[in-house]
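Two complexes come next, and they have one chain in common, chain A, joined by chain B in the first and chain C in the second.
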Partner chain A sequence: MTSLLSFILALTTAPLIPGIINRIKAVSAGRQGPPLLQNYYDLAKLMKKGVVYSHTTTWLFKASPVIQCAAACAALLIVPFGGGAALLHFKGDLLLFAYLLAMGRFFLVLGALDTGSSFEGMGASREVLISALTEPAFLLGFTALASFTGRFSLTGICHSVSFLSLFESAGTATLLIVVAMMLVFLTENARIPVDDPNTHLELTMVHEVMVLDHSGPDLALIEYTAALKLWIYGALLIGIVNPAGRHTLAMGLLIGLAGMAVIAILTGFIESIMARLPWVRVPQLIASALVLSILASIIVGW
Partner chain B sequence: MKTVLEILVTLLILSNLLLMGSSRLGTLIRTVAAQALILGLMSILNHWHCLEWGLMLTAFVSILIKAMILPRLLTRAVREAHVRREVEPIVGFTASLLIGLLLLAVSVYLGSQLKQPQSGYASLLTPTSLFSMMVGLFILVSRRKALTQVLGYLAMENGIYAFGLAFTVRETFLVEIGILLDVFVAVFVMGIMIYHINRNFDHIDTDKLAMLKE
Partner chain C sequence: MTLFLWGITIIFISGFLVFLPGRGKAAAMISQTALIAGSLLTAVALYPVLIQDQVLHISLQWMTPEIRFALHLDALSALFILPVLLVGVLGRIYGSRYLPAEWHAMRQKNHWFFYHLLTAAMVLVLTAWNAVLFLIAWEVMTVASFFLVLYHGEAPSVRRAGWIYLAATQVGTALLIMMFILLSGPSGAMDFDQLVMPAGIHGTLVFLFMLVGFGAKAGLIPFHIWLPEAHPAAPSHVSALMSGVMIKTGIFGIIRIITLLQTPPAWWGWVLVGIGALSGVQGLLYAMAQHDLKRLLAYCSVENIGIITLGLGIGTLGLNQASTLMAILGFGGAVWHMLNHALFKSLLFFGAGSIQHATGSLQMDQLGGLLKRMPRTGITFLIGAAAISALPPFNGFISELLIYRGAFESILHFVNRSLPHQMGGLLIMGALALMGGLALAVFTKAFGIIFLGEPRSEGASKARENAPQMWGPMAALALGCMALGFASPWLIKAALPVFKTLLPTFQQDILLAELLELQEMLFYILWGSLAFIGFLILAGALRWLLLRGKTVQQAPTWGCAYSAPKPKMQYSASSFTQPLVRLFKTLLRTRSHVHSPLSYFPTKADLHTHTPDLFLESVYAPLMQWIQRLTDRMRWVQEGRIQLYILYIALTLLFLFIWKL
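For the complex of A and B:
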């Protein structure tokens, strides 16, 4: 019951997170900014519009947004939220989670390549380079958590790790993993030190360039998927940091939502105070997330 | 106390990786200074229950020299030589970072082969000290600027200090101070040398110095 409720909550409130981030960015720049619900209006508007397909595209281009959204929804089924268990949890769902998101990304890249535009091809190549570095960082971090908690599912890990354990054994490792996962969160969601979601300058885009040719409901699906991914990685971060333990249903969900708001506000501030890194420095940043994860596994394994 | 020490060891490893991945000389100098500070704190915390005057004095003198005086000296050398960053290292910075990981793995393996006198965090200190020495050595051979090489030498010295800490080797006060004085004089002389090399040849690239002939 809790799991179903948190799943529906994720599906309905995910588009709010980019709204919060944008509001924080606007406020710290001294502007008023768009309303918090702007993303919902955009999605509704896009759903009503028609679609334009280029002559060079094939069925892959049409299938890609749908598959991405489906993969993100399936991954969402595995992620626990608000102290409860996830809808689906079994031994090793950690790997399924990583590969569901990898599949979503694979189809995003395929869709971009399918347009035949060299511009989108460039974005695709960058995206693949980034993901090649991020995936090991994510997997190693969670492997360290798995070996330290003795659980091998996301739900199990998020139930066993808690903020309190930061001050006990393997606390240092947990702290390292939290920082690594924050970097993974920013990278996977194409946020500022790695990619700028606002820019439409060809030299700097990674995620935005790959979705340039999508329109109408397709674009709506992609935007929605991006919001869902923010929610998914945010929920994982909360799962690691959250003072877990048994809460009542309302309390757990409330804590989860508060954590999500904190992450959104933090992201907004990071985006306000930092500039996007030059492209040659980006692999170094992601490599440092990898380094943190490996260091955590060494400390845990020692 | 144990958690604090574990965090300090982790910081030591992270600072070594920072040394591998950073190009700015200012950052490198501050990192090496921070390492010396961490090591000084660790040697005090390590003997928290049986503190002696000699030990306290050695720790404080080493913090004073390695975390305060030497960084000042090197910052001055950076200013005089007009070198802000290592521009073209022989091994690139992302590659250095990945090699750093490899060195970390090697030192963890070596550390696990050694007989550990202590358990817990202290046994993590042995691989960390080996790692520090390897990082220092790697920086010595893979960077071009003389100043960066001096910093590599200092990182290696920190590693040796950490090794002594891991095996709770307690030299007498005189020996410790003697070693410190050696390091101090070495870096002092190197700083002056760099200044003169820079004034005579307008650069401190060591691989160009190999071509000098009278």
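For the complex of A and C:
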């Protein structure tokens, strides 16, 4: 029941997170900023529009947003939220999670290549580099957690670690993994310092440039998927930190939502005070997440 | 057993049928039908072995009491034979349209003769139960495939490729002969069940000879050099059969030798893990840097053999630690990946052949936009690419999942006991995850550059879909990729006979209990996959509803308002992977030749990059030169007169007699 509720909560409130981030960025820059619900208005507007397709594209271009969205929704099933278990949880579910998201990325990249545009080709090329490095960072981080909790599922891990364990023997390791996962969060969601969601120059973009040619409902699906991914990685971060352990239904969801807001605010501040890294230094940043994960495993195994 | 013997005999004889008199087309058809019939018979004979857990065995008097004609068909060999038959038949059908219709040409008749011979030899290798018979079948397999690679032998590059293949695999065979001599023990028995693993240094030697001997066939780094040479040179159906099936006989050999020992030493497992991880990562990095599709696929085979070897390593550790779960996950993942790779790699090699057939090129930077022009080839290739990138719900994900899980169980097994072992498990995890990410890059590149965008050459823009004989086998393999993914929970339980053969010392009820636990995991995976498909339908329906009655316009791709875009301006195969290639430059050593415009006005400029095989260039080539210099000094032994050679033989015999006295 909790699981279903948090799943529906995720589907409905995910587009709010970019709204919070943007508001924080606006406030820190001294602007008023768009309304918190701007993302919902955008989605509604896009869904009402028609579409324009390039002469070059094939059916794959049209299928790509649908597949991305479906993959993100299926991955969401595996993510626990608010202290409860996920709808789908079993030994090894974190691999299904990782590879479902890889499925989405596979088609995101192919959709970009389908346009034959060199801008989108460049975005795709950068995306595969980022994902080739993020996947080991993510999986090794969770393997470290799994090896000291003895659980090999996202739900199991999130139930076994909590904020209090930060002060115990495995605390240092958990802390390292939290930092690594924060980097993964920023990378996977194409945020500063890896990618700038607000840039208007094609040459500097990664995620945004890959979706340049999408329009109408297709673009809505992509924007929605991006919001879902923010939620998914945010929920995992909250799950690892798990500030208050297990709770009643309402309390758990409330704490979860508060955590999500904190992550959004944090992201907003990071984006306000940092600049995007030069492209050549992005692999180093992701590699540092990888190193933190490995370090955590060594500490755990000691 | 009779049925099986009939089947394999028909496959063998069918090769001779191409030489029937006449115009040739009828003969080719008859031999093709005979091959299919023989394969079907053999497959039927496999049924009781795989399902009812029977073991078929035959042992006939042959050369000497030790050297018997012994065949042994258990669940493991049956599982390895299945893809041989499937890919063999599909490749035969595919090849009948892929090769030019010169039925009468002697070259083609020979080609098909060796193709049928190769199929029969592989089945024999997988069932031989006597070392000498095994080696003979092994050599027939090698020689037959060598002639198949040489189909376009008039080209010097093809002859060079064939030569490298023959040299690599012959060195391997030499080591295998030594390995079997060490294994045969004091009694000289050569039947597999009488082989004895020697203790001490000889046991180590057996392991090393096995690793190099079988590893050279399988294509493990650093013995992989023949794959990227031979596969691009061979016709595509031959590449499919060799890469999809034949290299797995090396894996089969490794499994057979390892399971001779009930508790192999742990370091065997770690060596396998290390070599597997190296092959996996380095293979994919090389694949990424290639411009030729078939070279890319060949390096990708190296990667997949690496994944399989990782699984074997975990399984060996499981045997060593007497951990049923680790052994099942390791060996099970490896064998499953063997099956999966046979399906999707043959599919991709068929795809490469179809592309070459339709466009005349395999250079990715000459292709593009083929999905519109060859829709059936395109979608089957896409399924193969997704499956080999281990994306759910396809089969590749299931086998990699088992190996991942095996790595995790090994970490759990060693946690708080031994840090180095635990780090080993972590290494497997990290290597698999890195391979997952890199495979995504390699196969989005292969599919994206070839099938999407605008055609980059005249040949690509005029491409048309090939005959059904060519895309039909691809469609069958694509269906297989999906079926092995969706049926995984039932298949793992049905594989109990295979696990019993692999792990005879483990208690059966524990085996079954662990299999049931894994079945549960796979059922959850199935639910996840079905949920994904459900969301796919929902999102698709939503999109359809939203678009109903809306305007759908066509326009050029957004190009920053540049009005004269050309196909050449698209991202190419090299530019797509340039960031990754640069990141891994220490491992790849890609060479580039740049002519950049120096003056203020645009002039002609060009850039060439190529990534030679480091092992071939800096290890094998110098080694071979050194050997050649050495052998040049031995030339005087080769007089050329036959009397002298007979004298050599007589002297050797004499020496041996004196030595034994």
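A few points about this structure:
Just so we're on the same page, the second predicted complex is superposed on the first by the 301 of 302 C-alpha atoms of A that agree within 3 Å, B and C clash if a C-alpha of one lies under 4 Å from a C-alpha of the other, contacts with A are read in each partner's own complex, and residues count from 1 in each chain.
Going forward, a contact is a pair of C-beta atoms (placed from the backbone, for glycine too) under 8 Å apart; a residue touches a chain by one contact, two chains touch by 3 or more.
As the structure is a computational prediction, the values presented were derived from the model and not from experiment.
Superposition model on chain A: chain B and chain C are shown accommodated side by side without a clash. Between chain B and chain C, it is C that contacts the larger number of residues in chain A.
In the superposed model, A:105 makes contact with chain C only, not with chain B.
In the superposed model, A:150 makes contact with chain C only, not with chain B. Once the two complexes are laid over each other on the shared chain, residue contacts for A:288 go to chain B alone; chain C is not touched. Figure note: vertex chain A, arms to chain B and chain C, all at CA centres after fitting on chain A; angle 80 degrees, rounded to a multiple of 10.
By the document's definition of touching, of the two partners only chain C reaches A:51; chain B does not. In the superposition on chain A, A:298 makes contact with both chain B and chain C. Contact with chain C, but none with chain B, is seen for A:122 once the two complexes are overlaid on the shared chain.
Of the two partner chains, chain B is the only one that A:172 touches; chain C does not reach it.
Contact with neither chain B nor chain C is seen for A:251 once the two complexes are overlaid on the shared chain. After overlaying the two complexes on the shared chain, residue contacts for A:4 are found with neither chain B nor chain C. Closest contact between chain B and chain C, by C-alpha atoms in the overlaid model: 6 Å. Applying the stated touch rule to the two superposed structures, the overlap between the chain B and chain C interfaces on chain A comprises residues 283, 294, 298, 302.
Touching chain A in their complex are the following residues of chain B: 3, 6-7, 10, 13-14, 17, 21, 93-94, 97-98, 100-101, 104-105, 108, 123-124.
Residue ranges on chain C touching chain A, taken from their complex, read 368-369, 371-372, 382, 386, 389-392, 397, 401, 404-405, 408, 411-412, 415-416, 419, 422-423, 426, 429-430, 432-434, 436-438, 440-441, 443-445, 447-449, 452-454, 520-521, 524-525, 527-528, 531-533, 535-536, 538-540, 542-543, 546-547, 550-560, 567, 569-571, 575-580, 583.
Of all the residues in chain A, the ones that touch chain B in their complex are 167-168, 171-172, 176, 283-284, 287-288, 290-291, 294-295, 298-299, 302. Chain A contributes residues 47-58, 60, 62, 65-67, 69-71, 73-74, 77-78, 88, 90-93, 95-96, 98-100, 102-103, 105-106, 109-110, 113-122, 124-126, 128-129, 131-136, 138-140, 143-144, 146-148, 150, 152, 202, 212-213, 216-218, 220-221, 279, 283, 294, 297-298, 301-302 to its touches with chain C in the complex.
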